[in-house]
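The same subunit A turns up in both complexes below, where it pairs with subunit B and then with subunit C.
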Partner chain A sequence: MADAVLDELVRLIEEVVGPDVLLGIEVDRDTTFSDDLGLESIEFVALADRLRRHYGDRVDLVGFLADMDIDEIMAMSVGRLVDHIEASVGLATGRG
Partner chain B sequence: MADVLARGTRFHVQRLGPTTGPTVVFVHGLVMDNLSSFYYTLAAPLAARDIGTILFDLRGHGMSARPDSGYTPLDGARDLVAILDELGVHEPVHLLGNSYGGVVAMRAALLAPDRVAGVVLVEAACGGAAGELWFEDMVNTLSVAALGLEFDRTQEQLTALGQRKISRLAGNAGALLNGTTLIDDVGSGPPLSEEDLRAVACPVLGVFGAESELIGAAAELAAHLPDCTLHIIPGLGHTVLREATDDLLATVLAWLRG
Partner chain C sequence: MSRYLFVVPPLVGHINPTVAVGGELADRGHEVAWVGHPATLRTLLPQGACVLPALDDELEQRIQDARQHWLGLRGMAVVKFFWQDFMIPLARAMVPGVEAAVREFAPDVLVADQQALAGPLVAHRTATPWVTSASTPAELFRPLKSLPKVEAWVDAQIEDLVHEVVGRSTPDIRFSERLVLVFTSSALVGNGFPDHYVFTGPALSHRPNRTDFPWHWLADGQRRVLVSLGTLNGAAGERFFGEVADAVADLRGVQVVVVGPPGSLTRAPDHVLLAERVPQLELMPHLDAVVSHGGHNTVCEALAHGLPLVVAPIRDDQPMIADQVVSAGAGIRLTYGRVRAAEIRGALEEVLDRPGYAEAARRVQQSFQAAGGASTAADHLEAVVA
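Let's turn to the complex of A and B:
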């Protein structure tokens, strides 16, 4: 269960950027969206959209993003987003 | 919310915040811009304060489709109204346009005055001498960029260097500038005339950087628009949205709350 949110996030990233981009990249909690994955800011919007549809009202993604500027968002690690989602949906136990 | 088909073209559309009550529709700038420049800076913070927001990628930009033609400001305004129709939004909305998007927003205010409650122009020269100079400058800059992207094989070189993100931006820009009528459309005619400006029925808030080359447009707006408020930010040029985000957000919030 511990990696369910990470696995789901990786699946959604792959949906947004296409499978080729993630070839040879092991996405883990330390992977960053901009530097490691080369995600464009518009692709992060598409990812946020998929997360909102997947988790619905259980995850306040808009409030989470509203507190950060764009550089902070793009420099964010996958783990930070996973933490927010896990804390929101009540799965923040037994990581790793 | 993602894809909306309007005027035969697929548009990438995002909505944040409530779907009732005051709504702000964002219109981004040309070529290297897309809705993401608003998503993080203004839309998410407004939505977090219970103001409805609608963002869309102009045709040929971001994740919207890239038809061969239809890139004049009037086309953009028709696209905007058609997207509102598809979304079932018939109450008047506030439009916020940055740079070229401001011209599209003003065109929409003239095209469909019953659908537009107000316009926020961020660094946009919509008409008069400042507007004509700016459009001429944009066409020249885009023409030079188009030649460079066509002959330098920029995208291939960037891909070879593993620069995925910049490579994709260059590829999209090249396809837009060299594969569509965008440059001709932007250069096809003057922006709004003084008569057009006088006919804008809704309130307009103009936000400019004091050091911007478009600052002359602020005085023209004040001279001709029936209802115009100006907010000039000292020490800034054209990059108001990016560099004075907090100031802009506070100004827009105060203006929306009247």
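Let's turn to the complex of A and C:
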């Protein structure tokens, strides 16, 4: 499941930032949203919309980010969001 | 007659609207002065304008270096650096000069650009009435509202500065409670703002032109396009210029003026002119379309002349400005980082050939004219004193 969530997340990130931004970047769990991908606040919101459309209201990226301070957001990696998605989806479907 | 002091950062786009508003006030017989970086101000103001110092050349260089560094950052680091290493140090550095200027000039009203926070800080210290000059509407939309802890961090940076300089809490120093001048119109930003936010449209008057242009190069019977990316450059800029050069190489019946550093075009056929600087405002009446990075000033200057736009926003408030242009129907948005020549060419042909874009641009132009520009701003500034 981990790979499926990561692949889906990479696809959604690509939709938000455009495919060329990801050219030459091997997106893995350690890739950071801020420094590596250059995501800005409105792009986080766009990504949140896409995640909600794909996974439903269970995955709430805006809520997840709301608890983070600026340094946590700067340090946030793709892996951390993958874990969050898995936890959210798993809890909601009872798969834990 | 009243006395108005403009407090401005060393940034052209932030100074230019105050040149128009200050010029209009001076025409009405008021006393007007500017405080900021004297050398930057003197290149933009009419000769003989009263300029008071708040930044020496060394500090200004440090601020410009910080800004260059900032332009190379990505993601949330942009926000952190902007406040921590640009806005707050700039405000702190300007406070003594602004305070001396207030003592010397004794203004009835201090007009503070939104990125010159020394203005409201000194206004609070000296109990001087102050108003906000917002050269871009970006802050009106609370760009960080989806990241509440980041927004709170920014608020805390400002609150700490206020306590350090003023010695007590104040209302938000980014927005005056008396008057906020915003140099755009509801045709672009919509409605629903507080009553003391006044949308004047762009203020373009009184700007001295000190840049030459080979006017004889403009040929009759040709359509003309300006490509301007503001003061930004760097590697991404080179790539974009290269794509622009390819996009316009075979364009027939169109002359293209590209503003960029020497050598930034890989090829420049006869119908393409590369210039490091142009008298942009004087050029506008001769144009049919503008390609821009979405800087608020260039976009509003184009729309004020009823010109449709191709906008390739890079960062900052530019994506928002680009969306406003698209929503108004006055242009096409491209993705700066990945756009190719064919796409640029297609967008250019579209805005030149399909009358809908120019018609929408003229609707925005009319809304700007109705908003009144510097004259409306001056009316409201007079009302603050009355």
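Going forward, the second predicted complex is superposed on the first by the 83 of 96 C-alpha atoms of A that agree within 3 Å, B and C clash if a C-alpha of one lies under 4 Å from a C-alpha of the other, contacts with A are read in each partner's own complex, and residues count from 1 in each chain.
Operating definition for what follows: a residue touches a chain if its C-beta (ideal position, glycine included) is under 8 Å from a C-beta of that chain, and two chains touch if they have at least 3 such contacts.
Quick caveat: nothing in here was measured; it's all calculated off a predicted structure.
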Let's test your reading of the overlay: on subunit A, do subunit B and subunit C clash or fit side by side? clash
Check whether subunit B or subunit C contacts more residues of subunit A in the superposed model. C
Scan A:73 for contacts with subunit B and subunit C and give back first, second, both or neither. both
Taking the superposition on A as described, I'd like to know which of subunit B and subunit C A:33 touches: first, second, both or neither. second
Does subunit B (first) or subunit C (second) touch A:46, or do both, or does neither? first
Could you tell me if A:65 is touching subunit B, subunit C, both of them or neither one (first, second, both, neither)? both
Clash list for subunit C against subunit B, restricted to 27-35, 45-53 or 225-233, contains only 225-233
Can you list the residues of subunit A that meet both subunit B and subunit C? 21, 34, 38-42, 44-45, 48, 62, 65-66, 68-70, 73
Please output the residues of subunit A touching subunit B within their complex, sorted ascending. 21, 34, 38-42, 44-46, 48-49, 62-63, 65-66, 68-70, 73
Subunit A partner contacts - residues on subunit C that touch it in the complex: 74-80, 143-144, 146-150, 153, 315, 319-320, 335, 337-338
Within the complex, subunit C is touched by subunit A residues 18-21, 32-35, 37-42, 44-45, 48, 62, 65-70, 73-74
Subunit A-facing residues of subunit B, complex: 1-2, 12, 14, 16-17, 34-37, 39-41, 44-45, 47-48, 57, 62-63, 163-165, 168-169, 245
